[in-house]
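Chain IDs A, B, C and D follow the sequence of writing; residue 1 opens each chain.
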Amino acid sequence: MIQKTAILLIHCPDQAGILAAVTDFISNNQGNIITLEQHVEEFEKHFFMRVEWSLENFSIPREKISEFFGTLVASKFGMLYNICFNDFRPKIALFVSKYSHCFFDILSRYESKEWKIEIPLIISNHEKFKYIAERYKIPFHCIPITKENKAEAEANEIKLLQENNIDLVVLARYMQVLTGNFIDKYPNKIINIHHSSLPAFAGAKPYESAYKRGVKLVGATAHYVTEDLDAGPIIAQEVRPVSHKEGLKDLKRKGKNTEKFVLAQAIWLHLNHKIISYKNKTIIFS
Amino acid sequence: MIQKTAILLIHCPDQAGILAAVTDFISNNQGNIITLEQHVEEFEKHFFMRVEWSLENFSIPREKISEFFGTLVASKFGMLYNICFNDFRPKIALFVSKYSHCFFDILSRYESKEWKIEIPLIISNHEKFKYIAERYKIPFHCIPITKENKAEAEANEIKLLQENNIDLVVLARYMQVLTGNFIDKYPNKIINIHHSSLPAFAGAKPYESAYKRGVKLVGATAHYVTEDLDAGPIIAQEVRPVSHKEGLKDLKRKGKNTEKFVLAQAIWLHLNHKIISYKNKTIIFS
Amino acid sequence: MIQKTAILLIHCPDQAGILAAVTDFISNNQGNIITLEQHVEEFEKHFFMRVEWSLENFSIPREKISEFFGTLVASKFGMLYNICFNDFRPKIALFVSKYSHCFFDILSRYESKEWKIEIPLIISNHEKFKYIAERYKIPFHCIPITKENKAEAEANEIKLLQENNIDLVVLARYMQVLTGNFIDKYPNKIINIHHSSLPAFAGAKPYESAYKRGVKLVGATAHYVTEDLDAGPIIAQEVRPVSHKEGLKDLKRKGKNTEKFVLAQAIWLHLNHKIISYKNKTIIFS
Amino acid sequence: MIQKTAILLIHCPDQAGILAAVTDFISNNQGNIITLEQHVEEFEKHFFMRVEWSLENFSIPREKISEFFGTLVASKFGMLYNICFNDFRPKIALFVSKYSHCFFDILSRYESKEWKIEIPLIISNHEKFKYIAERYKIPFHCIPITKENKAEAEANEIKLLQENNIDLVVLARYMQVLTGNFIDKYPNKIINIHHSSLPAFAGAKPYESAYKRGVKLVGATAHYVTEDLDAGPIIAQEVRPVSHKEGLKDLKRKGKNTEKFVLAQAIWLHLNHKIISYKNKTIIFS
């Protein structure tokens, strides 16, 4: 059996005594620290930390930890913080259009229980993958998007997300741009995969642009979605070498492998509470 | 003893019979083909080829090969071509400013005879590395560049290159932009190292920009210099993963390793006649 | 529509005139060469080649090419050769035990038509994935293996492979060792994925061994199966960095990503007739 | 000016309260923690930590820190610990034979002050690089090794190391095996570079073996030297892809790039007190 743990993510301006205050809070209440990682950004002098401890003998009840930590520690240092628990099973909404590689990869990890998640719904602007959703017995909502119906379509999507208490939205090569209105409701909770090593080749048709430029590496980038297209905080990215011998079709074929790996990596980091997003960059704890 | 070989680089519009015509030209004159590689670009339908053969029993004298090939084969297919010989020892001019990592790396490969080259001169806009040049007994020319003297300074540089029959100019983190006038005299004969994975972070201060953007990969790109800054044909590029823990200094330190490796790789490819540059992209033979 | 092509794989002792003979055979019969790649192994002086040409105007009928090439060219040079066609749709038998990652990945590529293959049967020593096979409407054969029934079980497997005209056997983390009797019937037609970067950590429990040794890279290797366990010709391999922070579970989780990528890469190379296996090594054409 | 810091490396059996005790020791004495990283090995339940803090207002004098920490903290937890200071300038002895790539690379980093080190002596079993040592004004000791004189030769080497207060021995492709007697005097203070990705191809001629086996990756490994040849704790390793087209000479040429990078990386980690070696594995702090 896996022991139950609490995970605390913190950030605040750097100042003396933070580490001792946090570790004392845990130790004094019989929490055994399993892992602790901190970071100070060199220019901003901003402090970041992730600490995980066993709840076995912890004397503060689970539902009170946030309040107690807030009052006893966070308020003294001006901390923003977030408490999560390792037995929490997040609910993911999958958005997909017509490319299957990321979509199938995520469903495979779900099926094999590699990730402890629920997928209460799949949303697509096409009918194409309805039969796949049915195979997995996941409700499928086809919401076509046109210039005219965009506001209404997004309102429907948001309603579905809220009714299903969605914790994370994954855009698995979903080929529609979300509006600021949608994004604002899920800050740092929408992960997109872009098929280039950003900031190179942002926007449409990155493989075509990469081929045209004659680069020797092609990649993919997973990032949190912000209003600025393809410019949100980068979570994970990877490239693979390509040669002149590889035509556009080869670039796309190769790239799909990178896309699905990078997106899965980003989702895993998010699910394991290993990311703090700050000023359009991410701190990725190990 | 290494056998003497000829290397033929060709490109022309794709058409039937090229391969047979070239291999016949070599075989019929008792040349034994050692390696042959061809490529057809899918959109332009343009044909590229590199073939290397032993000169041991080849019946056409070395100095006549180009003329014979031109008349008997190239003219029929509208080929652009270039004949080189593996015992040719190219003359490299090294340009450097104040960063030593690429400069020292190239000199180390020269010293150890890893590359069969001559370095008849080093040009710098600073005095800093004069003592290094002296150590290697390579003439060192300090040519400071200001807005006012740029044309004159470049004229001096070009004069030095011409007097020394320079075959290849290597900009080993030389921090001055060359003018079109200079570049036009050495088309596909000036290799620069840029400290980012182009096209990301072209221009000044790429490490600073990469740090600010929060990318998870930093890299370097070696390319032929064209008038369009950092936009010439890419020869080699590579990236390494970085994390939020790595400050700007770490990015620069790590990046230096990539820079010197990528630049050396590009020089090696050039020295071994493995590059054809076409429409701002490179064909890199293996 | 994709044009129909023939692909010729050749090897023989190196000798003068091979290239000209082969390209003449194709050109003289109105075949337009699309891609040609050759290689001479330096110590053995053995010649390898892959050439692909359009069948559009080729004057020799498809079913006669092998005979004509054999008589007119191959016999003169002592060549071993193989003619394949790009519209051939190979039949793959999937072997799996209890790990799903490679199995699901291959089925996803099959479902999305990334690969032009048929999968007429799945064989497993466990019932676990029967429901998956049913979902894809692929006949599933559960053939448990014990020490006692091994010969009989393999006889059943071979019978199934033969009845289904299987071209390629893929061991997608199939946890049984095949006997020489089985392997001899499918030389260079059985691809296995081993979860280490061979020759390191051959045999059982490679992740455990890698963890114990404290390596900083973990990888996977796809190879043709030979009687010598984990020692067949390597087709593809890849590693990823790991740190001390990654426990055994992390190594396995990370490794699965590498395994499925490397296995898929090897299958793709095989399906595209890009591999010649010679003296326990592979030539991989690009 | 760079601020002065102390770096504490600790390990001990895992137990409650370690983190709080250490951070309290630092905070209560006005030390500002700059970076802290800890790790618990999952099977051994062994605790490791690296913490660095500013000495600016630290109330315990530098030369007393070790004693105070030992008495007040370490003894209570059964810790092994080591205190170092960021302004310490370690003395390195370079051992080299006839390959220059790692040797030149290290000297280049020394020359450019990339590393804050002294190199009081170079030891070689050949005269070959005497002129290089002279160029850098570093005393060069040629100590040829034969079966007969090995004990005496090593005694001379050890004497030189001791006279020069050597902190770290770097074997930059030094082609002699050190005896246990030598190694015991410098535990975790001798770094070797082996030209394969260990544990693959340990022992002599790894490139030849890699070529023969037909691997698709070649690499290098830097490790602390122990009596068991090529089996000491791995500090850093890296591989690069190779293809069948790359002959043995190419493997060696490519490999040299990896060797010098990996060795430099390992030296950097050691110089920055980022390594704890425990039970033949390394903890590498970031």
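FYI, a contact is a pair of C-beta atoms (placed from the backbone, for glycine too) under 8 Å apart; a residue touches a chain by one contact, two chains touch by 3 or more.
What you see is a predicted model, and the numbers here were worked out from it, not measured in a lab.
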| item | value |
| --- | --- |
| Same-site or different-site touching of chain A by its copy chain B, using the half cut | same |
| Candidate from B-D, A-B or B-C with the same interface as A-D, over half of contact pairs in common | B-C |
| Chain at maximum distance from chain A, centres defined as averaged CA atoms | B |
| Geometric centre distance via CA averages, chain C-chain A, whole Å | 36 |
| Centroid distance [mean C-alpha coordinates] between chain D and chain C, Å | 42 |
| Two or more partner chains touched - positions in chain A | 39, 243, 245, 286 |
| Residues of chain D touching chain A in the complex | 16-17, 19-20, 23-24, 26-27, 32-40, 241, 286 |
| Residues of chain D defined as touching chain B within the complex | 100-101, 104-105, 108, 111-112, 114, 135, 243, 245, 253, 256-257, 261, 264, 286 |
| Residues of chain B defined as touching chain A within the complex | 39, 41-43, 197-201, 213-217, 219, 233-239, 243-245, 247-248, 280-284, 286 |
